[in-house]
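Just below sit the structures, each encoded as structure tokens.
One chain, chain A, appears in both complexes that follow, with chain B as partner in the first and chain C in the second.
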Partner chain A sequence: MIIPILILVPFLASLFVPFLYTYVRSKKIGWMVLPVPLILFVILSLQVPKLASGENLFHTIRWLNAADIHFTTHLDGLSMILGLLITGMGTLVVMYSIYYLSEREALGRFYMYLLLFMGSMLGVVFSDNVLVLYVFWELTSVSSFLLIAFWHQRKNSRAGAKKAMLITVTGGIGMLIGFLMMHQMTGTYSIQEMIGMAETLPTNDLFIPAMLLILLGAFTKSAQFPFHIWLPDAMEAPTPVSAYLHSATMVKAGIYLVARFIPVFGESELWFYSVTFIGLLTLLWGSFNAVRQNDLKALLAYSTISQLGLIMSLLGIGSAAMLDIPGVDKTIYTAAAFAGLFHLINHSTFKGALFMIIGIVDHELGTRDIRKLGGLAVFMPITFSIALAGSFSMAGLPPFNGFLSKELFLEASLAVRHLGLPGVHTWIPIVAWVASVFTFVYCMIIVFQTFFGRQQQQPAWVDRGAHDPRPGMLVAPSILGALIVGLFFFPNLLGKWILKPAMAAVYPSFGNPESLVVHIAAWHGLNPALWMTIGIIFVGTILYIFLRQWRRIYTVSPFSWKIDNIYTLLLIQLEGNSYHLTNKYMTGHLHRYFTYILLFFIAMMGTALTFVWRLTFNFSEDAVVTINEYILVMVMMAAAVAILFVNSRLIAILLNGVLGFTVAFLFVVLRAPDLALTQIVVETVTTVLFLLTFRFMPDWKKERPRRPVKVLNAFIAVATGLIVMITALIVQGNRLFDPISKYFEDAKTLTGGGNIVNAILGDFRAFDTMLEIVVLLIGGLGVYVLIKLKDKKGGDGNENQ
Partner chain B sequence: METLITLLVGVLVMVAVYLLLSRNFVRIILGTAILSHAIHLLILTMGGLKKGGAPLLTEEGSTYSDALPQALILTAIVISFAVTAFLLVLAYRIYRETGADNLDDVRRESDD
Partner chain C sequence: MKINDVILRTVTKIIVFIILTFGVELFISGHNDPGGGFSGGLVLASALLLLYMTYDIETVHKGIPFDFKKIAGLGVFLAVASSAVPMLFSNQFLTQEKGDFALPVFGLTELSMVLVFEAGVALTVVGVVVTILLTISEDVS
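Let's look at the complex of A and B:
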């Protein structure tokens, strides 16, 4: 029962925050929000021992039985990692944001969105029912949209928010379709039950489409190539948001989803190829592009993309353990997934710290352009130290946690060569190595171009006395900095308590999770991976030193290509074309719209009549027709048709009167006295009304539509009439059930009224009648107002317009 | 009888639709009025015609015509009257304000 409450608490808090803010109206609101993630983090942490002993927390709140949708939460090792990141990073980010955001900002809104995100993200990782998961998934997109556009007065913020929304929601919809396909195959919405059926699935026709669609959702969310383009633009968000959503948590949702579905799809080679190759491509492209950025935050964005690709490729290599290949030592590949999960945690620590540091630099100096920065190490020693730890960790240097997971990554990239699948060769470790070199280069850029060297312009901040920020702002990055170092020295604590249960969740079919845990050691001999690292440092240093010389290649294609341009072009085209298309048919002319509606009606009903329905008629139960009834009907037909051809408005109105009164006659003949009475009264008043307006309106000019229009109108009219007629005849000939009117014939005993029609109106369906009177009243009011309304500017004024 | 009335309904719908597709206000309003007539007759026909006496329990005889369609139509007549009245006044008002008595002129006015 704890987990559903965990999910709901942030939502409730986010509802509460705006009201609280109207009373507090200051930074204190941040301190009031802070306990929410902190308490959640503590509660979650208390579950760690339970999970480490192999237990899972599963809880179901029955919800929609008919649709098989239940609020099922599932806390296992995998969701625990994400849960701890969400609440832990959430705590740090809230604390950091208290100092980062000024009092003038709309803080109530900010924390409301942040809590909304926190709740949705917890929902994503704890939901077992895929449809519930999908809803939370889209909610994270929505809250991300709101947070990116937090400074909505900026054009770039709005554009970035829109881009992120469009891309992630497109992927999300694909994922939803994938989930529905999974339901089609398995008959369940529960991920755990799908895992149980995993072996029977690969032969199903829907298996591959479902897999690709779910991957689409994961790749768009985790900013994998070529969908990564939204992440750099999302950096328009306030820095705490970037640190939280766009590096530590939300972008990890796709990785979580991939890890979650490894037991389901891992047996497919296509899964291995897609995840591994897309991951590697993203890793390379992201790191390569990070080097060319001048904005520190954009650099971090590309580095995040690259690191996400790294984790993704590790999960891909890890899923190779599920492949049915004889003679392969599976622990090599499970070790890759282990490294992926380990790096997932490490990345959140060092990237979160780096984002916060960049935020501090931006906050204190007002710029984050590396061309303007330099030499800050002297002024901001603490900030510098944390930045150093974060960057070196990201570059994969000891003694920081990134070194450990990076070594494991290099080992995995070497190991996968021996998998023996087509297309898997030595190029994989080469790509990994090249990407790592670029990673090393941009990490050095962060450290050395920001904190060392001369200031390249006359720095205003030297005069102002640039210095470390207030201690409060440093608390959160310092904690992360301590983790970066701490995890290097005690990685196996993490392995035992956190990663072991997570591995059990990723490989449920492998039995003993102990065998899946890699013993992490900082020193593991001079193995190939270490040689690769030494090579990275060597080549990376050279590249960094000669950065200015070779940076020119970014202007040469294909290195200058930006996927962004495709997006922009597509969007502009789409907008332009739909605008033109809409303008073409939405002309504002009523008769055009009538034409569309009726043509659609004719197309649908005409098709149904021709191909679907059986045209069976049954005239045997028709009542006999007397001669005077014939005459009435003939009069009506003649009057109706005549209206079309008369030249005078007056005659048309009178002919309409003829129609109305003949209808009244028909009602008499057809045993409907009440209708006849009403019809006579109403028809009289209507005719009077027509004649009244007749006085005020000009006579109608003969309409001379062009011939094709006339033909089309005639066709529509005749076709509509015929369809109504034929449908009515079919219905009369094929009654499916008896009329219910017998019930009303007890009106005498039920209501005391002898007139059945009156009893229905005044008693059985009195509420309807009352509302009908309300409609009449509203109509009457409308008429009254329109008549009494004074001409606003006078008739003359309008004519001159 | 049912077939005959259904044929009548078909003709009325044709005329009404043709009028609805024109541009002059009065013709369009006439179209809505005729369409209501057609639909009223259609509903009545659907319940079966002349299957018994008028639905008055005081009348002699043991069978009655279907009362439910009649009740529905009664409501519909009143509503369609409200609609017709409102449309007429609206047309009058538009003519007063803009001098237009057909939709194309109104459209042109708002485009300028």
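Let's look at the complex of A and C:
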């Protein structure tokens, strides 16, 4: 029960924040939000020993039996890692935001969105039901959209938010289709049950499409090539948001999903190839592009992309352990997944710290352009130390945690050649090595171009009062800095308590999780991986020194290519074309719209009646028509026909009323008092509505349409009437399915209600009723908004907007 | 032009209460007899409409100072919340419970969770119908 509450708490808190903010309109609101992630983090941490001993927390809140959708939460090692990151980083980011954001910002809105994100992200990692997971997944996209566009007065923020939304939601919908295909194959929405059936799946026709669609969702969310383009633009968000969503947590959702589905898809070679290749490509492209950035935040964005690619490729290599290849030592591949999970944590620590540091530089000096920065080490010693730790860790240097996972990564890249699969012999280590060189270069750019050199600028910094920020702002990055160093010295603690249960979750079929845990050691002999690292440092240093000389290649194709241009072109084309297309058929004439609707109706029903029911009539079950009914129907027909020939609108309205009330009488005669009652009241209210708007109706004038239009109108009228009549006659005698009315006959015993109509409305089909009144409310509010907020100047009656 | 509507006003004063009572009666009896939240709500709404038509909006608003948009919102909230309550007791969404209670005046009465749900439906109907008509008529005048 504890996990569903964990997910709900941030949502509830986010509801309260705006109310709280009307009373506490100051930075103090941040301190009130802070306990939420902190407490969640503590509660989650207390579960760590339980998980380490091999337990899983599983809880189901049943929701819809008929649709097999339940709010099932599942806390295992894998979701624990993400859960700790979400709540832990959440705590630090909230603490950092208190100092980062000024009082003038809309703080209430900010913390509301942040908590909304936190809740949805926890929902993603803890949900076992894929449909529930999907809903939370999209909610993270929505809250990310809101946070990127937090400074919505800026054009770039809005564009960045839109881009992130479009790309991640497109992937999300693909993923949803993938999930539905999985349901088609397995008959369940539960991930754990899918894992249980993993062996039977690969022969299924839908296996490959489902896999690719789920990967699409994961790749768009985790900014993998070529979908990475949204991440640099998302940097328009306030820096705490970039640190939290766009480096530490949300972009890890895709990685989480891939890790989660390794037991399901790992046996497919295509899975291995796509995850590994895309990951490596992203790693290379991201690190290569990071070097050319001048904006520190953009540099970090590309570095995040490349690091995500690194983790992704590690998971890809790790899934090779599931492949059925005889004579291969599986542990060297499970070690890759282990390294991936380890790097996932390390990346959050050092990248979070770096984002916060760059936020501090931006906050204190008002710029984050490396061409303008330099020589800050003297003025901001603490900031500098943390930046140094973060960058060197990212570059893979000791004594920082990044060194350990980087070594494991290089070893994993070397291990691939034992697989004997076509196309993966030597180039994987080469790509890994080249990308690591670029990583080294941009890490050096962060450190040396920001904090060293440019002595001539120092007086300017003194004038602008460059100094370390207030201590409060340094707390969060310092904690992360301590973790960066601490994890280097005690990595096996992490391995034992956190990574072991996570490995058990990734490889449930491997049995003993002890054998999956790699003993991490800083010194592991002069093996090839260490030589690769030495080579990286050597070549990287040379490249950094001659950076100015070789940077020119970024202007030469294919190095100058930007995937962005394709996106922009597609978007412009799409907007232009859909505008023209829509204008072609949405003319603003009611007559046109009725033509579309009714023609569609005629086509659909006409086809169904002819081919499904084959126009067979069976009158044997029909009741005998009484004289009363004949009279009422005659009245109705007379009223309906008369409407066509009257000259005044008032009479037409009255005749329409006659029609409505006669229908009510018909209900009385047919002994349906509920319907009759409702019909009478509805008819009354409608008439009142007509009277209210009567004055505003245009003159009732005879239209003289051209002959073809007349013929078409006549055809539509006659065909619609005929089809309704035939349908009514056919359905009575021909049943395609068993009637459901038997189900309602026991209404009294099943629901306790004697009135069958209300038993259906309030119990059998209560879900429909609930949604109907929601629609009713939306409709009412829609009328209110349309009328109250319409163009006060009168407008020209044109609906082109 | 001032319309002489003394008869309408006098009749309305009495008849509104009859309609309102009828609406409540319909709402309550819907469990076993014709009626229910939807038609009950509609009848209540039509009583209010009669008031609005006979007197003007300001006068009625003095007597019934409600924002009907909020009433509609409250209705939806009641319906959705009462549907979700069973989930807290490990039941399915929309499970309707009932029980017999000994109430003063009414004696032994069967009460059901569906009552809350239907009350939500009724309030939504009242709120939305009145909101739409008031909005349109305010725009007209």
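Rule of thumb we're sticking to: the second predicted complex is superposed on the first by the 584 of 801 C-alpha atoms of A that agree within 3 Å, B and C clash if a C-alpha of one lies under 4 Å from a C-alpha of the other, contacts with A are read in each partner's own complex, and residues count from 1 in each chain.
Quick note on the criterion: a residue touches a chain if its C-beta (ideal position, glycine included) is under 8 Å from a C-beta of that chain, and two chains touch if they have at least 3 such contacts.
Please read all numbers here as calculations on a predicted model, not as lab measurements.
Q: Tell me which partner A:788 touches in the superposition: chain B (first), chain C (second), both or neither.
A: second
Q: May I ask you to decide whether A:63 touches chain B, chain C, both, or neither, giving the answer as first, second, both or neither?
A: In the superposition, A:63 touches chain C alone.
Q: So, does A:690 touch the first partner chain B, the second partner chain C, both, or neither?
A: The first partner, chain B, only.
Q: Of chain B and chain C, which one contacts the greater number of residues in chain A?
A: Result: the larger residue contact count on chain A belongs to B.
Q: Pick one for A:752: touches chain B only (first), chain C only (second), both, or neither.
A: In the superposed model, A:752 contacts chain C only, not chain B.
Q: Can A:673 be said to touch chain B (first), chain C (second), both, or neither?
A: both
Q: Applying the document's definition of touch, where does A:780 land relative to chain B and chain C: first, second, both, or neither?
A: It touches chain B and chain C both.
Q: Answer with first, second, both or neither: which of chain B and chain C does A:2 touch in the superposed model?
A: The answer is neither, since A:2 touches no partner chain.
Q: Does the superposition put A:767 against chain B (first), chain C (second), both, or neither?
A: Only chain C is touched by A:767; chain B is not.
Q: For chain A, give the residues common to its interface with chain B and its interface with chain C.
A: Correct list for chain A: 673-674, 678, 682, 685, 689, 693, 696, 754-755, 757, 761, 769, 776, 779-780, 783, 787.
Q: Which of the residues in chain A end up touching chain C in this complex?
A: 61-65, 71, 673-674, 677-678, 681-682, 684-685, 688-689, 692-693, 695-696, 751-755, 757-758, 761-763, 766-767, 769-770, 773-774, 776-777, 779-781, 783-784, 787-788
Q: Hey, which residues of chain C end up touching chain A in the complex?
A: The touching residues are 26, 30-39, 42-43, 45-46, 49, 53, 69, 72-73, 75-76, 79-80, 83, 87, 90-94, 96, 98, 110, 112, 114, 117-118, 120-121, 124-125, 127-129, 131-133, 135-140.
Q: Quick check: in the complex, which residue numbers of chain B touch chain A?
A: Within the complex, chain B touches chain A at residues 1-15, 17-28, 30, 33-34, 37-38, 40-42, 44-58, 64-68, 70-71, 73-75, 77-79, 81-86, 88-93, 95-99, 101, 103-104, 107, 109-112.
Q: Which stretch or stretches of chain A touch chain B in the complex?
A: Touch residues, chain A against chain B: 587-591, 594-595, 598, 619, 621-625, 629-630, 633, 636-637, 640-641, 643-644, 649, 652-653, 656, 659-660, 663, 666-667, 670-675, 678-679, 682, 685-686, 689-690, 693, 696-698, 700-701, 703, 705, 713-714, 716-718, 720-722, 724-725, 728-729, 731-732, 739-741, 744-745, 747-748, 754-757, 760-761, 765, 768-769, 772, 775-776, 779-780, 782-783, 786-787, 789, 791-792, 795, 798-799, 801.
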